[in-house]
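Two complexes, one shared chain (chain A), two partners (chain B, chain C).
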Partner chain A sequence: MNERPNGTKSAFAAAASAVGRWFAAAAQWVGRFFVRYWFFIKKILIAIVTLACSTIIIFFILRLIPGDVVREYALSIAQRRGISYDAAYEIAVNLLNYDPEAPIFTQFFKYVGGLFQGNLGASMYVDGVTANSLIAQRLPWTLLITSVALIISFLLGTAIGAFMARKRRGVANVLLNGYIVTSGSIPDYLLGLLLVLLFAYTLPIFPAQGNYDISVCTPGFNLPFIGSVLYHACLPILAYVLSQTGSWALMMRGSAIGVLGEDYINAARARGIGNMTINRKYLKRNAMLPLVTSFAVTFAALFGGSTLMESIFNYPGIGLELAQRIGQKDYFVVQGIMFFSSFMVIAINLITDCIYSLIDPRIRETNK
Partner chain B sequence: MSEKQSVRSDPNGGKWGDFLSRAGSTFAALGRTIKNAFVKLFSNGQACAGFCIIIFFILLAIFGPMIFPYDVTTNFSMRFLPPSWEHPFGTDEMGRDIFRQLISGTSNVLQIAFYTGLITVAVGTLLGIISGYIGGIVDKVIQGLANIVLTIPSFPVFLMLAALFTIESPIELALALSAWSWAGLCRSVRAQVMSFRERDFIQICAVMRMSKFHIIVKELFPNIISYVLINFIVAVRNAITGSVGIMMLGLAAYDPTNWGSMLERARNIGLVNPKVIPLLLAPLLAIMVFQIGTVLLSNGMDEIMNPRLRVN
Partner chain C sequence: MKKRMGKIFALVAAAACMVCMCLGVMTGCTQGAELGTPGTNPDKVFRVVGSWEKTGIGSHYNSGTNIGPVQYFAIEGLYQYVRSTDEIYPMLAESMPVHSEDGSTTTVTIRENAKWQNGEDFTAKDVFAFYYLNHTVVTNYLLSVEAKDDKTVVFHWNSNRTCANEVKDLLIAQDMSGTVCYNEFRSYVDEAYQIVSESEDIPADSTTWGAFNKFSKGELLDRLNVVMDNYKAHKTSWFVATGPFKVTKESPTQIIMEKNPLHWNADNIGFEQIQILSSSDTNQTYNLLTQDRIDYMDGLAPIDTLEAILAQNKQMAHLKMYDPGSIGVLFNMEKTDLWTDKVREAFQYLFNREEIKNLANPYAITSYFPLLGMADSEAQRWMTEEGYDALPRYSHDTAKAEALLQEAGWKKIDGKWHDQGGKLVDLTIGTDKTHAGMSSIAVAVQAELQNFGIESSVKMTDWGAWYASASMDNSTYDMSVYWTDLNMSFSYPTGTYKYFDSLMANVVHVNRYPTEYEIPELAGAINEEFDAQGSKFADANGKVNFSTYVNMMYAYSGDDIKELVDIYNNGIASKLWGIQFYQNVTGSFINVGRIKGVPEEALWSQERNVATVPAEGTDDFYKVACTNLIYANGVAITHGMYQPNA
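== the complex of A and B ==
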């Protein structure tokens, strides 16, 4: 009889101590985790703060734009329906789902609440059009053009840069240098304009505008549609590649010249390794490493689209949509798309940063 | 000879004479510095060519409208004339001379670009130096701000700000353009300043308890001025790309002879019409030549200031 409470007690104590030990271990583990990955957590926290600040800034810049949207809309309703301005104003407030009288902070909290539900904002003018649906519609077109162009120009540019670093004299180098200076000086949209003029109007080889020709194909996964899309994408991609290759080549040349001075290149030469192998395995890979960061940053920037380029080719990408919505003062859609693109920039930068510090411990040390 | 000596050492005129001779030597030193800078500039082919192009455009902007005054009256009998001696680039859809339009628009384009470059560089350098030299919480705040600005895509913000300012003067458009372009410069100036901060000469100044103001103005700034100058030219180039782009989309109130608005008019008439090609090509060519000038000048200056970069 006496033993039982004792036993339970000891069992209880054992259990308690086990739980305690477990907790201690867990706490230790959590502590160690925090200490070890503190730089990750710090980075994530900084990213969240940056995102919050940029959301606030976008919201308030949009509110600063002069011109009363509701008033303009009400005037147009009053004209169309032949009713008094006050009645039209009430209709406009209801239709736009936007009350200019509401305090700006209430509006802001409503917006942020929507963001947490994944709702980037609905159009003020057209029912059923939201920033989410617009992004889903327009972003694939933008990404198709820009990412293909980015990959082509990156590969081409690094090849040219490595070539220029190896052969620093000669006609080819002078020509390539001229190309780099010229392509770096012409704004990309003007290059696009020139290409449209040349290859779409003067020599009608490529279509001048749009993303596909509705008269030859139906959208879907079929050959004519894909062919038409690619055919329409040629000219924009060409414009991007021509204007971007030069800067990649310049970066690669600088990096490759640095690598060529390293001892391991000389050592490889001394061992009798062929020029091709040195170029491919020793030079290009090492020289490309610093360029990968800029590649990631450039890729992140693609999600904002390029307004000017898309408007030149009348290509229905996200940048063109954004510019049109800014022109219409469609606040909610604009802030949704802007939030999305700055979110992508921050997220991709964060991921690259983290990958880099996992690969290279030196970066971790300096960032502490 | 003895008289001269006595004049120099005259105790009554001493202060004034001292001041004059000091001012004279300062001016002489300044003149020498400028002369040396130009000698260096012209020793580099690239920089020389770029400098000449830019000077040409500046002279065009100042004196061009006096020599070739632009006549805004429309004349429908002279629409879309092909290039001739009288109209080197032909005429536009209203029968106005394109060459003279281009010249009268130069001043507007260059003013916007110049002010934008000036504001961008002033803000970026100032914040970069403060952030890099003072450090601590100030550094964190400024860099956080720069980070935020860098993450928001700039061109849509230009569009919004262009609507925000009622843009009639070039300075206001310049403000809108530079509001979002100082951040990159701020970061790179900060990196430069931080590398200088560890150098001996700055450390010694700090040990000698010189004021921060003195160190920044007299010690740090002269060391990064070449970098800042190059970035000024880069900022001017970006400003032209941005301002012409905004005007080409027709999203800013504008001067109708600005190169960007000439492009917009050409695009509105429609590129299908081959008669519109001169109206399109003339401003395009002008922008290209000017931009090539800026690239050559900034590359050349880079080579002059950093001899390590010289590839060959």
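== the complex of A and C ==
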């Protein structure tokens, strides 16, 4: 009878000790995990804070835009339908999926709650239209022209940059320098306008606007449609390529000049390795490394589209949609699209940072 | 040496490229076939530009989706009125409405061959469905809408909310009643009708307004809202419409509509296809006109742009028409120390209105009135001769302005005007930068003030930002450049007064009843009195309050309505709340090479920029207003006035 309490006590002590050891081991494991992966954890935390800040800023800045959505909507309805303003106002009040009287913090918490459920926001004007559906419809068009343009301009720019680094004298260098300076100083939308005037109106080679022509094709997986899409993408892609190639060339030139001064290039030359091989295997590969981060950041920025360029070509991408929704003050959709583009920039930056640190562990060491 | 040569070569090459580009652009912009070439439109296509909801136009008009120009070619009502002329065209109705002698009913007969685009007959039940699901303005004056038989609709009017027969016609003509197919929306229509029937009647002595003289509240109102929401969101397998063209293809930047062979007037409609292009900004639209990519566009362009378009596209003409609205200055009357009676009067003389008009819109009609609640052409139509003659007019007279300012206690020191307190006058002028005319006026006003010795600054923002700032309490704007009056609907008086009440009065900051006023119907309403001595409308003090008759004008006609308009216009003018600079004139770009039947041929065949507005009441006055798709909702196409030059 007397042993039972002792036995219970010792069993309890043993269990407590086991739990303690388990906790200690877990704490040690967690500690090691944190030490080992602190770099990544820190990056993820920073990304989360950045995203939270951008969400708050986007929400409140949009609300600071002065204007009365109901009145503006009523005016547009009155004009469109040729009815009196007061009749239009009644229609506007009934049609809008928005309560302008709702307290701003209620709206904010509703918005954040929606984000956690993957709902980026619904249009105030059109039933069934959400930021999610708009992104799904418009983003592929934006990515089609911008990613193709980015790849072409990157490849072309790095090749030009490497060439300019190697041949720093001569007519070609002067011409290319002229191109870089000119393309760098002309805003891309101006270049877009010039291209439209020249190749769509003056020499009607390419269409002036749109993403495909429904009078000659039916959307779907068929050759006329694919052909029409590619045909309509030519001018926007050309505009992007012409405006972006110069900056890639400039970056590559600077990087390549630095690489050309490295010992291993001299050693390769001393070993009698040909210029072509040095250029391909030693120069380009090494000089392009710093450009990869810029490439990733530029790629991330594509998810927001380019409002001006898409407006010039009336290309129905995410940028044009965003511009038009801002004009309409369709707050919920605008904040959804802006949240999405900031999320993509932050996420791609985070992934790039992590991959970079895996490739080059020195980055992790210096950031500890 | 080699390096220098390289640089020179590069510069020459770059210059050559630029010259080639510029030459190319310039030569490309001067194309266009000569006017009158026969067979310029063999495919019988009418091409327009517009904007619509890019995610899709939806499946019915009342879903709230912006369907853009599809409205002009696919949507019809029983009738269509023409803005600025009030002319009415029967559309789905066979003839003009017939009013009973006692005014209690109006009967409309529907065309025998009126059909929905899916082939179903368009019947009176569809009109009934439209009104019970869309409580438009006319339902405030109705007791019920009855489908007497398949092709006969009877409107039963509320004797407590009477309106003149001509107003009844216009109210019915304002509605797109061919947009609710009963068989498609039956469940919503029946339930809405049930709820309306169960709702409480509005007592005869009440000033409350409600559709079909009913007042839905509590559970009934909740049920009605649910029905309306479900109706809006209802998706149909076809675009519910009756119009002459059917939407066959749609993309975010293009819509193609094909002729509807079932349309009641299909035999007289010459066009086989409508092509609608979208445009992301005005310059793109001008390019589409210049490059002959579209046949028609509503509106005016800045004079240089307009002339450039016509010079470059030799098939294009531009016709002018009245816009029932005036543009000018609105004073912020909240600033009582600044805008004293004398100062406001001085400002009426201060501006050279002709010069300002010429700068902003040379085709417009200069006004010498203060703000008076309606545009000049409307005032002439709706006022008595004596009333119109009694309106105050102000010529450009800076000496008079100076004298009045001095009487107000202002002083000119070192060439700059100082107010009665000795403070340098520095005015802030607000305007909507998106309206080319208004932004030009604001700059002109600032220049004239500067010349006169009054300091000022202009703040241009988009409409929403300007209106929010201008209408808020303690606004920083001393004055705004905007519409002083505008009629978006038919001309019968109240449209402009109500527009003033809803928008401009907030910018002017006129006196209003408190929002907690003891008579609920007057809470927040305008509380401004006008002199009406000797009129039967005057109260015991010989006055008429703005809010007393503004909602009841539809009830008056003949001499009564003219007397009321005399009181209102002279009353508003006497307040000197603002300045009218000009009555706006708008227009239409029309490709006269590809389209036959364009009015004023004698004029545009001589000069394609037709500078004159047809005189009111003339044949051309009505025809030209009809050419405007916004004003007349495609009547010119539906009634076969326009034909392709095939």
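Please note the rule applied: the second predicted complex is superposed on the first by the 312 of 368 C-alpha atoms of A that agree within 3 Å, B and C clash if a C-alpha of one lies under 4 Å from a C-alpha of the other, contacts with A are read in each partner's own complex, and residues count from 1 in each chain.
Quick note on the criterion: contacts are C-beta pairs under 8 Å (C-beta built on N, C-alpha and C of every residue); 3 or more make two chains touch, one makes a residue touch a chain.
Note that the coordinates shown come from a computational prediction; the quantities given were computed from them, not determined experimentally.
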{"item": "A:A78 touches, of chain B and chain C: first, second, both or neither?", "value": "second"}
{"item": "Touching partner for A:I65 - first (chain B), second (chain C), both, neither", "value": "both"}
{"item": "Greater chain A contact set [chain C / chain B]", "value": "C"}
{"item": "Which of chain B and chain C A:G220 touches, first, second, both or neither", "value": "neither"}
{"item": "Which superposed partner A:S185 touches (first chain B, second chain C, both, neither)", "value": "first"}
{"item": "Partner chain in contact with A:A87 - chain B first, chain C second, else both or neither", "value": "second"}
{"item": "Which of chain B and chain C A:I257 touches, first, second, both or neither", "value": "first"}
{"item": "Partner chain(s) touched by A:L198 [first = chain B, second = chain C, both, neither]", "value": "second"}
{"item": "First, second, both or neither for A:S342, with chain B first and chain C second", "value": "first"}
{"item": "Chain B and chain C contact sites that coincide on chain A, given as residue numbers", "value": "65-67, 169, 182, 194, 196-197, 201-202, 208, 311, 323"}
{"item": "Footprint of chain B on chain A - complex, ascending", "value": "46, 49-51, 53-54, 57-58, 61-62, 64-67, 168-169, 181-182, 184-187, 189-190, 193-194, 196-197, 200-202, 208, 253, 257, 301, 304, 306-308, 311, 319, 322-323, 326-327, 334, 338, 341-342, 345-346, 349"}
{"item": "Interface residues, chain B side, partner chain A - complex", "value": "144, 147-148, 150-153, 155-157, 159-161, 163-164, 166, 237, 240-241, 244-245, 248-249, 251, 263, 267, 271-272, 274, 277, 280, 284, 287-288, 291-292, 294-296, 299, 311-312"}
{"item": "Residues of chain A that touch chain C when the two form their complex", "value": "65-69, 71-72, 75-76, 78-89, 94-95, 125-129, 133-134, 137, 169-171, 173-175, 178, 182, 194, 196-198, 201-203, 208-215, 218-219, 310-312, 314, 316, 320-321, 323-324, 329"}
{"item": "Sites on chain C touched by chain A in the complex", "value": "3, 5-7, 9-11, 13-14, 21, 24-25, 27-29, 53-55, 58, 63-66, 68, 71, 83, 136-137, 174, 176, 228, 232-233, 249-254, 256, 275, 277-281, 284, 287, 290-291, 293, 461-465, 467-469, 488-489, 495, 498-499, 502-503, 630-631, 633"}
